[in-house]
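Two complexes are shown next, each including subunit A; its partner changes from subunit B in the first to subunit C in the second.
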Partner chain A sequence: MSVEGQSASGPQESSPQVAHATVPTPRRAVVVGGNRIPFARSGGAYTKSSNQDMLTAALDGLIARFGLQDERIGEVAAGAVLKHSRDFNLTREAVLGSALSAETPAYDVQQACATGLETVLGLANKIKLRQIDSAIAGGVDSASDAPIAVSEGLRQVLLDLNRAKTLPQRLQVISRLRPRDLAPDAPNTGEPRTGLSMGEHQALTTAQWGITRDAQDQLAFASHRNLAAAYDAGFFDDLLTPYRGLTRDSNLRADTTLEKLATLKPVFGRNLGAEATMTAGNSTPLTDGASTVLLAAEEWADAHDLPKLAAVVDGEAAAVDFVHGKDGLLMAPAFAVPRLLARNGLSLADFDFYEIHEAFAGTVLSTLAAWEDEEFGRTRLGLDGAFGSIDRAKLNVNGSSLAAGHPFAATGGRIVASLAKMLHAKGAVEGRPARGLISICAAGGQGVVAILEAL
Partner chain B sequence: MTTIQPVILGEMPSLSKLYINAAAQAARRRMLGSNDAPDLPDARHEVRGVAADVGNLTAYQHLIGETASDVLPAGFIHALAFPLAMSVMSRDDFPLPLLGMVHLSNHIEQSSAVLFTEQLDITAHVENLRGHRSGTQVDVVADVRAAGTAIIRWRGVSTYLAKGVFLPGIDKPSPTGGRTDFKAPYPTALWQLGVDTGRAYAAVSGDFNPIHLSVLSAKALGMRRSIAHGMYLASRALADVGAVKGDSFSWHVDFEAPVFLPGRVALDISTVQLPGGPWRESDFVAWNPRSGRRHFAGTVAAL
Partner chain C sequence: MTDNYTQFANRGLGKKVTKKLGLPQPAILRRYQPGQALITGPILVQGSTAGADALAASLLSWDLDVRRHAVPREKLGAIVLVLDELDRPEDLEGPVLAAASSLRDLSPSARVITLSRPAANSADPSQAAARQGVDGFLRSLAQELRSGATGNGILLADGVTATSPSALAAVRFFLSGRSAYVDGQFLTVTSPDGTLPADIGQPLAGKVAVVTGAARGIGAAIARTLHRDGATLVLVDIPAAGDHLAAVANEVHGTALQLDISREDAGQRIIDHAVQRHGHLDIVVHNAGITRDKLLANMDHARWSSVINVNIAAQLRINEALLASEHFRTSPRIVSVASTSGIAGNRGQTNYAASKGGVMGMVRASAPLLAENGGTINAVAPGFIETDMTARIPVALREAGRRLNSLRQGGQPTDVAEAIAFLASDAAGGINGVVLRVCGQNVVGA
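Let's turn to the complex of A and B:
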């Protein structure tokens, strides 16, 4: 057995030795590429695969694609929304099970559906600050293999039993058990403070913004049509590795029609008094899957002879006070994007691609409606009028979550890798690099948004 | 005004004994005829040096949806003082039958945070006997002070109705227009209340009134099914209003249709706050999402 030491040299210094207590000049962080496994509807092809299994599969595909075997990556960050407490080191365990060097450090992130994008932004910042040269961001979720907890009654008995010292004490603790304590506690998508499910929350927002059933079905139809076309064009050939027999996202209905979507019965917002418009067709299904993104400093990508698709320009998080209905649960990006664009001196029209995560068709359309609303712009965003509108032909052009499915923490990585590839292919527009906007809403009234730019 | 010396009880009275006494009193009054003097007793009952049990406090906070902080929730203090309030209503010279009284409304004013480590002196009395279109109503007032001090930190006024009881000399109020029509707004929360909701609140509040415990015990008292404690519902609404209310606030609730268990309750909380200004108040209203009937409504306001 040979024992090698770990190289003591840190990130490559391209600038002269920095003086004590000065901040190093930030540098660019780039997206090299990505890899995910096809997303599967829950209870489907990945039913028995754990979060760690799927994250490792996505990671190993990335390693194979970019020749990262035995490579010591600066840091790997990933996460899962539905996570078992035993998976406290989920990402590190996936790294240990992968072909990466076992000396690659890793950490877990959990920010609901924004988890994946937040790992990208956090790691990109570390690269920009020269703390690391390379990084892998990712996310995974399984709605099939979800953790199930014991009831609160049984949990308290088990904990007290562990603390009891004598037999009479133990018997006294056990005597507290009731039959109903044996029923398990399954996770749900309800907001803890309101008891409303995410779909019910969105139904309130959808009604508030007057989004029609037809507009939602149109968006869902476009998502399926665009994703199917992207698969047919081979767009995902270098973004995806097959897993468990799947080569495409199993939720994709290439042959769906507006007529079929129009026949589905509403599932959310049936008790609101307003017309219920949200169906299983214009809402994302529970999904299993994993995604990864390789990030690097330009020097590192060049030294490894790897592509540089796009730069991670900037990101912004926002949160709304949804608990008492001041804003809709999933409306935080409506506030995050104007702040992000103001900081970067951009307007909403200055983008070539818009990737707005389709948690529900109503979410995308409510966000766009808010941006187009004069009063919202004035009273809530502090602008002179409406924030702006987008060219809908540039929205989710290769499909999004309504068609692909939405394994919560894996969605950010899917979008970043796809957008980086689209931007690189587009190259320059009117003498400037092609630009893309990402917007992801998350539970707890949160949202994370980001700007990517072609290289 | 003459000051009446309080009746000092050695310890907090037992609610279960009070309920049994109330049943005995009801039987006695049925046989002997009821007290025909429509006067309220002047007596004040007081217990000194009351301390909250921290385990019970934690269980209460978790059940209601409060963070388990060291501050006693305003509804917890209500539960702490409740047996003393009951002891005044179960006096022989109290003119209304204790069993079957309906909690109409509750008003609490709290001037500062009360910590679980504090010893408290609690006083209760009844006042304001008056008519109601379907019976007679009365206010039960509880005052809470830090032990040995005079400043009231928490005051609760609970209004109860003795349904169908009309006392001589007390007139029905003239009808003040019908009930306002209620149109349910969009909810900000939806509560799923299990059949054991009443038992769970009884365990943390000590209020084992049979109408809350089970279908059978509720039916024995003429209810269709068991119903949720009003103060459980109001306390959840207070918890939902959240930290914005600070340590000094008033909290008012009017109860309407009872919440049968199991059941779903829709809630709307709307905040009154001038742009850029401090929080003024949060109004809450709860209703049955299926029938649209209003269960309760109220306000939490800055003092």
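Let's turn to the complex of A and C:
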């Protein structure tokens, strides 16, 4: 990387036309490429790896792929959903441990499973507004090395103990301790406001939309088959760097069959009255992993002789009132996508690739069912009828979370880098650039969606 | 690092014990470090030809301490024997015996270098005998040298003088610590081509070099050495070795390309990557190689074909793409890693030796193709090198492998890398289609 390139980055030189109280002309933000480590089922290959270890490894692989050693990147943003309190500056610490210039600023983002995509959108906006010329978005999560907190009772005792000044005071504080206070408080995927796990929430939605067990297993089967084929074709050769002996996602079952998936016992929704359809096969497992995406202004990519795979066109977030049961916990993308497409003058059929995060097979299928439902379109989306349907042959064509696994904050980066590569390879379709839609649901009833376009 | 026995044999007590018992006494070799003097101590240039005078003048111009006559009991850094006009076997005696009286004055890690003509180029029986005699002489002398001193020969083809650019570059290489583990070898300067570098410390400045199999071992050492010499690097290894590859890339400020070189499109992908990221491609080092050892009686298709495919077929395919590319036409350099197994054979390595023999055949036949664009292709054949691979050899075999050479020790990956960096340089432009062994004059092979 040239020294000239480094000095060219920085807000002061980016927008000569900036004057008082005017907004600079936005420019394009592009995906240069990405890197992730293989995703590992929790308790597996990365059991002893911290979030910082994994994020640093993913960064270092990206740096090696694009020759970014000692480069001062405009900003790095990443985050983790399950996060130790000591990791308050997780991303900056990972940058300091990487081969990037120590003068690269970094910050943490956290929006549950949408963290990774949100870092992409936020940084892309900064590039578009000429505040930065280059950026790295990312995310990491470890369900293995998860933080375990002490109970609220013990925590209060420990804090008071710290404040106590004399021995009698200390003894008095300690005497408040009860055996139950010693039980550790492990993180879970339960929603604080409903007490239901994410799987139980989805089971409600799955049942509401009448999604069958067979349809869910079909989607899971396609995910494994597509991901395995992508590996065999070398698709991930420039998207992934091995880590701790792992060269592929450990959740991938290349030899799985519909028959095998059909034998699995349901794990969620067993007390709903309806038939329970959600199994360990059509739900994502707890996963460890990290991903990164290199974003840039076109000038920066050109000056650094780097590829430009796709443009980050636009993004939209939505949230639903799942607490009162108005909509399913993971249904926010069903609202975000129509708003995003309306803003961009596009219909659901105008895409060449659909990347709908497979938190559960039921999530993808419920979302598609809602979009195809006239009633939902009219009453919930305010349309004349159904929002639309997609060509399923364009859905998650290189596999998604059911096969790869889902380290919460790392999923967005995985999808953006893979989709950008697919779009670039596709090039133009009917005289226009190939287009891709990303949809990611998140805890708290949220969803973030985005459009990428081939370059 | 230097093996334990070598360390022991170089310490006070160990030195005494090994000497008393007549055990091998490997020396700590002088290896090149940036900024290091080319050689310490005067260089004695023997020979009375015009070539000897011209070479002595060149050495003087490098600010070296040059002697044309030995000063009794003065410690010498090197003896250079210029034998470029031998006509009869009797012509050898004068310069050889003059050098003989100075051998005891050689410093540790000193150098003896001969410059002579290839016997094969002479139709005159007497002249051919004299020239061929240098071969036997030098190889024997190299075995007599001690304390890390080495003896190597430079063969000057027709039209090449002792002061042709690549002849001078070869003299520099053999004098320096870069050739620490090259011993008892002949290097042919095939043409008067080649240009000496502007900055002697950065002979590869401005060059873009691809190294395959760069994730570890000899490949990683090649990457570090080429980087030290000023090259910009593209590092290639199989996707499964990507984490090690990334670490090396970040260390040498190169770009990592995860690619199985046995893919049909590997050559094109290498060219595309180098050109897009770095603008051009000047040097390709074919280092990637695998072993699947088995006695031939137990050999199967998988073991045989994978070794042939990765070690030689892939190189042939990549070279074809390189030669067809308009981006590889400015003094291009290809350097392949062969092996002494491919020269002398090795039990249990019929497949590997066939592939490495193949590399040497490929290099010879490809030389004229590269020469069309002022390029070269050469091979380096390592002997016993201390790597993760040789560390897995059973201890007795390993110890034997280490000591069965004139330097009584295994070589380091960097020794192989130095020879490759030399052959990849502009200065070596007059050296084409040859195989240079880096083996400490291993007893096996020629």
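Odds and ends about this structure:
The rule is simple: the second predicted complex is superposed on the first by the 439 of 455 C-alpha atoms of A that agree within 3 Å, B and C clash if a C-alpha of one lies under 4 Å from a C-alpha of the other, contacts with A are read in each partner's own complex, and residues count from 1 in each chain.
In this section, contacts are C-beta pairs under 8 Å (C-beta built on N, C-alpha and C of every residue); 3 or more make two chains touch, one makes a residue touch a chain.
Please read all numbers here as calculations on a predicted model, not as lab measurements.
After alignment on the shared subunit A, the placement of subunit B and subunit C results in a side-by-side fit free of clashes.
Look at A:Thr263: by the touch rule set out above, it reaches neither subunit B nor subunit C. Contacts of A:Ser85 after superposition: neither subunit B nor subunit C is touched.
When the shared chain is aligned, subunit B comes close enough to touch A:Val323, but subunit C does not. In the superposed model, A:Thr166 makes contact with neither subunit B nor subunit C.
Look at A:Thr22: by the touch rule set out above, it reaches neither subunit B nor subunit C.
Judged by the touch definition given at the top, the superposed model places A:Leu196 against subunit B, while subunit C stays out of reach.
Subunit B and subunit C, viewed from the C-alpha centre of subunit A in the overlaid structures, lie at an angle of 150 degrees when rounded to the nearest 10.
Looking at the shared chain after the overlay, A:Arg65 reaches subunit C, while subunit B stays out of its contact range. Counting the residues of subunit A that each partner touches, subunit B and subunit C differ, and the larger count belongs to C. In the superposition on chain A, A:Asp238 makes contact with subunit C only, not with subunit B.
After superposing the two complexes on chain A, the shortest C-alpha to C-alpha distance between subunit B and subunit C comes to 45 Å.
Subunit A uses no single residue to touch subunit B in one structure and subunit C in the other.
Across the complex, subunit C is touched by residues 57, 60-61, 63-67, 69-70, 99, 234, 236-238, 240-243, 247, 305-307 of subunit A. Considering their complex, residues 65, 184, 186-192, 196, 240, 242, 266, 268-271, 282, 289-290 of subunit B touch subunit A. Interface residues of subunit A, counted against subunit B in their complex, comprise 180, 193-196, 200, 204, 207-208, 271-273, 323-326. Touching subunit A in their complex are the following residues of subunit C: 239-243, 245-247, 249-250, 253-260, 263, 276-279.
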